[in-house]
Amino acid sequence: MLKNIPKRLSPELVKLLMEMGHGDEILLADANYPALTNNSRVVRTDGIMVPELLHDILELLPLDTYSDYQGILMQIVPGDTAVPSSGPPVWEKYRKEIAGVFPKYNLKSIERQAFYEYSHKCFAIVQTGETALYGNLILKKGVVL
Amino acid sequence: MLKNIPKRLSPELVKLLMEMGHGDEILLADANYPALTNNSRVVRTDGIMVPELLHDILELLPLDTYSDYQGILMQIVPGDTAVPSSGPPVWEKYRKEIAGVFPKYNLKSIERQAFYEYSHKCFAIVQTGETALYGNLILKKGVVL
Amino acid sequence: MLKNIPKRLSPELVKLLMEMGHGDEILLADANYPALTNNSRVVRTDGIMVPELLHDILELLPLDTYSDYQGILMQIVPGDTAVPSSGPPVWEKYRKEIAGVFPKYNLKSIERQAFYEYSHKCFAIVQTGETALYGNLILKKGVVL
Amino acid sequence: MLKNIPKRLSPELVKLLMEMGHGDEILLADANYPALTNNSRVVRTDGIMVPELLHDILELLPLDTYSDYQGILMQIVPGDTAVPSSGPPVWEKYRKEIAGVFPKYNLKSIERQAFYEYSHKCFAIVQTGETALYGNLILKKGVVL
Amino acid sequence: MLKNIPKRLSPELVKLLMEMGHGDEILLADANYPALTNNSRVVRTDGIMVPELLHDILELLPLDTYSDYQGILMQIVPGDTAVPSSGPPVWEKYRKEIAGVFPKYNLKSIERQAFYEYSHKCFAIVQTGETALYGNLILKKGVVL
Amino acid sequence: MLKNIPKRLSPELVKLLMEMGHGDEILLADANYPALTNNSRVVRTDGIMVPELLHDILELLPLDTYSDYQGILMQIVPGDTAVPSSGPPVWEKYRKEIAGVFPKYNLKSIERQAFYEYSHKCFAIVQTGETALYGNLILKKGVVL
Amino acid sequence: MLKNIPKRLSPELVKLLMEMGHGDEILLADANYPALTNNSRVVRTDGIMVPELLHDILELLPLDTYSDYQGILMQIVPGDTAVPSSGPPVWEKYRKEIAGVFPKYNLKSIERQAFYEYSHKCFAIVQTGETALYGNLILKKGVVL
Amino acid sequence: MLKNIPKRLSPELVKLLMEMGHGDEILLADANYPALTNNSRVVRTDGIMVPELLHDILELLPLDTYSDYQGILMQIVPGDTAVPSSGPPVWEKYRKEIAGVFPKYNLKSIERQAFYEYSHKCFAIVQTGETALYGNLILKKGVVL
Amino acid sequence: MLKNIPKRLSPELVKLLMEMGHGDEILLADANYPALTNNSRVVRTDGIMVPELLHDILELLPLDTYSDYQGILMQIVPGDTAVPSSGPPVWEKYRKEIAGVFPKYNLKSIERQAFYEYSHKCFAIVQTGETALYGNLILKKGVVL
Amino acid sequence: MLKNIPKRLSPELVKLLMEMGHGDEILLADANYPALTNNSRVVRTDGIMVPELLHDILELLPLDTYSDYQGILMQIVPGDTAVPSSGPPVWEKYRKEIAGVFPKYNLKSIERQAFYEYSHKCFAIVQTGETALYGNLILKKGVVL
């Protein structure tokens, strides 16, 4: 552990976040996500949920404020009755954390199968312990000047 | 994730617990423990505290009920005023978890410098996110019949 | 060995099952299957037959109940007289084990050459000791919530 | 699988048996044996019991008939009431298999702690699925002329 | 060395033969064959000729009797005057060895350049010490039941 | 680069600082120090001087305030006329940086040959670009609570 | 450190520069460049700016004077108001350094997205500590006769 | 060093020459050739010129006398005034060495850019210390009978 | 294969012989020798007997004519009735091959257990296919001038 | 190749010379020296003699002018008649090269067997192509200020 680095972040994950460059994207995937099938760089944070991990990561990771989006969600499958009409509850937490660092944020969404494909090109996938529905979140890294 | 395996346990940690044999010992170390200095097999569980990790591990790991001890704590340094006279509060949690699976348990304690030395011979060290004082706990594996 | 984990499952196999995600598929291949030719991730369980391995795996592995199939068999080659008209006897064992955890299961089948091709995309192949005809079985992993 | 090689033996195990030389010893250890702690070369055969593995290995492995012993057992701990006065039942199976290939065999025994130490110097340890008491057996390889 | 395994076969080669599955093919190549250029799995048996190696391998390796061929030779280049009209003498030895285990065998042949290409897809290439003309031989593995 | 992490620190160095535990020591060595001869973990920061590196590291690394020293210098060789009577000028910079985070600091010193020996047991050596005389500095890591 | 080799250059970087051949290109990338995403050979020089690194590299690296360009810059995005009309200030430093070794130099420029693509084919990327806008510079190696 | 093996040839290079097969080609490249960019197998012989290396290699390496060429040169770029009308002087040395072992030799030449492409498919590239113009030479291996 | 290098010698073995220096020793061990137990560098030549391997090696390897011995045999165990009074027949072959290159040779012998110990310090062990009694032979490398 | 770096020095050797620190020693060994037996870091320069290699290395490597010796030779074995009374001729070349960079140099010598032992502790051994008697030379690295 070090000062100024949130305790939940492992040395391996911080190193990886440091190695990402402008425009590189990282997927915070839920615990059931087929991570190894979709990316060769996988870091696990078993037992850690996405909202708390997101909070910690955003203390370090600058979002790409030059892009027309800062993050990507997986679209709700049409007709999925498990999701309330107000959307997946976990999304509210994500929006709150992201707004905390960049109020003018925009989150895109991508259809489910296309999302899996898209995650092949992410810099890395973090396999979290999240079990909420539609809990996957991609973040786009910005610059430090 | 799999059925019957607690969600907080990583694939790497479960594999390691399976590979341990009768009498092998594993140290659940606190977040400040010099783990890599004292053992070549280190698994990290950043952000996870020992009580919850202990709870999960004891669902899988049999304690050595043939031994005259099932676990080892680090002795309180004489004169350490940061510890209440009733002992480190976190120890109560450890005792409760262990008693839950083996009521007749016995926990030894080892003097601080000797504890570091002892951890060289453990099967592995788990570097947890625990920050409680005297939070290190060694478990001795038993048999499955 | 650990409590709650069937004894026949190796540490390597359990780790692999834990690393699979929703929708990932694993092939329990017979002892003559060209495993290394069709997948780069191969785990061997020489001497263990598929029915008993299947029984153990299903204690841990959730099947994909959202999919329109939970498993895949290799189609009987037209005119193969070695197979009784009631189908390969080993399939009855597979169906019984799978029904035991998901009675509404559906098993697809794929033509022999296409099956080999398909197994390239499996998460992994387990090379078992099974020698029964048409003994190959693909399982599709579901979610743990 | 190959002709003349028992099906339960994995490619890795056969390769290892071939690489052993005259006088090298291999431990068939029970499922609870601390194998990785006592040897850097460990092969696992989860789910396979020692008697059947022994039977198969003896089809290939020549015993050292020049030595005054062909195998080593772990001595019964004095006062261990779990063992019948006639000795551990599994030993009868071992003796029968070994006598089948070398009727004039001799099995030594070594005190428990010394046995663990001794296994450090074995060529390798096979971690079997055996759960019988006193199920560990060391074999001494002979020559093929 | 082990009983029942021909002495000329190395541990590495036996392991590889065991890992092959039904339908996998292995090329016994002559000493001048560009092996590393055509396959990433190459085992060398310098000083050993194909007929004696073939004899030993066929003690272990079942040929694919379900296929319409059990082996493949390299076609004689039209106009090659170095080959007697009765064909390369070494082929007689190959035919004799193969007939010894499967009298109804069939050997295909493939044009020289196509043969090189074909060997890319073999499970492995054994670089032998054979120096006879047209000494390359591909074997197709069958099943053990 | 990340927010809150000084730009001069590489991902590899930050990971290493995170992996150190309470009491582990790290040597910031000058550009001529025989680093690889004295430690197997060496990180290079060619072109970076110790004072600026020290400044950055102390933003993250807690010093061990429980110990009777927080750092170690190499003793001035008796009779070394290259050093002013006030001591090596670079030491003033070190003292200022360390006092900035822990005013009650204490720096020990070790005789030159003993210092080389001592550095064998450091967690790691950072080979900096420092060329000042007596520029080597060992830091002792404390805890984050 | 060695005589005649600038102190800021690491052993790894010098080795890499030596291994480049005629026509090979190396990217001196700014600190935010997505280096690992665009090349598998990445060397880091955290804390070192491009002008000083360029100065040092040009003491060793011959530029390709046979080519119609010796370096490549990233084109200014049309409408980018952060750049003065005279161009990115850092470019003046680059031009001065390059002119110092080859007055008749020519620097090409490539559109931003195409530049990222182009860097895939560079021999390597050096991830510097540069934070100036449009700070990326590709150098083309010449010959030593 | 061994008897009968020229002293200038390294163990690594001799091993590589032995592993080549009939028709495999090896490039003896000059000191400025972009070797690592064009082949993944590169052996260096810094300080050794091609004529002396060629002399030594031809003591061991049989040329392909069945092919319509035994070696390949890089074509002179049209209009290159640095080359005398009689051709690059170093070619005379190559021709003399090759004629010494196969008087009826034929050397092809390939246009410069095509030559770079062609070298991708060579078995390996030897990066020599040669600095003569047009000093690159590809050799085609023959057979030993 | 190469000219002047005996065909039975593998690329790996020739490389190893080249890497040996003056005074380094290599053991040509019989097929039952516990090679991996006694040395970490082991090369196998299954199916090749020591006399023919020795013949080939001596075409390349200079013996140490400065030493008071050029080779070492394993002493005959006192009372071993399997050996004719004239000594192991295979020794005659060894003596003939060695005399062929150095008529004034001297072969030492070492007691059996001491021989095993001694082989730990050999440069490497070649595990041959030799099955003759007392077939082990150590060679001491000389110099090439 | 790079400007200012002698052409005979390989990238690997230059990297190694850069990584050495003050007081580290490197052995330039002759072609018959048992290098791999005496050090785990070995770089080969087959075909290059020590005098020319020494010349090139001294362009880069500073000698340790603070030490009471800058290099070490192997003592002449008493009674060795192959050496002229004026000493090994190659030593004159060494002295001339070293005097060229440090006229007040001192070369120690060490008895032959002790020299072998001593070379275990060198930073590395360069196996050159030198065949002159007593051609081994150890250099002690100094500092760059």
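For this structure, a couple of remarks:
The chains carry the letters A, B, C, D, E, F, G, H, I and J, assigned in the order they are written, with residues numbered from 1 in each.
As a convention for this text, a contact is a pair of C-beta atoms (placed from the backbone, for glycine too) under 8 Å apart; a residue touches a chain by one contact, two chains touch by 3 or more.
Not measured: the values here are computed from a predicted model.
Interface comparison, E-H against G-J: more C-beta pairs in contact at G-J. For E-I, the equivalent interface among the listed pairs C-D, G-H or B-F is C-D, as over half of the contact pairs agree by residue number.
With centres defined as mean CA coordinates, chain H is found 53 Å away from chain A. Separating the centre of chain A from that of chain B, both taken as means of CA atoms, is a distance of 32 Å.
Looking at chain D, one finds that residues 1, 7, 10-12, 19, 31-32, 131, 143-144 touch two or more other chains.
Screening every pair of chains for touch gives A-B, A-C, A-F, A-G, B-C, B-D, B-F, C-D, C-E, D-E, D-I, E-H, E-I, F-G, F-J, G-H, G-J, H-I, H-J, I-J.
Those residues of chain J that touch chain I in the complex are listed here as 31-37, 131.
Every residue of chain A that touches chain B in the complex is listed here, in rising order: 1, 7-13, 31-32, 44-48, 52, 129, 131.
Contact residues of chain H toward chain E in the complex are 19-24, 123, 143-145. If you check the complex, the residues on chain H that touch chain I are 1-5, 7, 10-12, 14-19, 59-62, 143-144.
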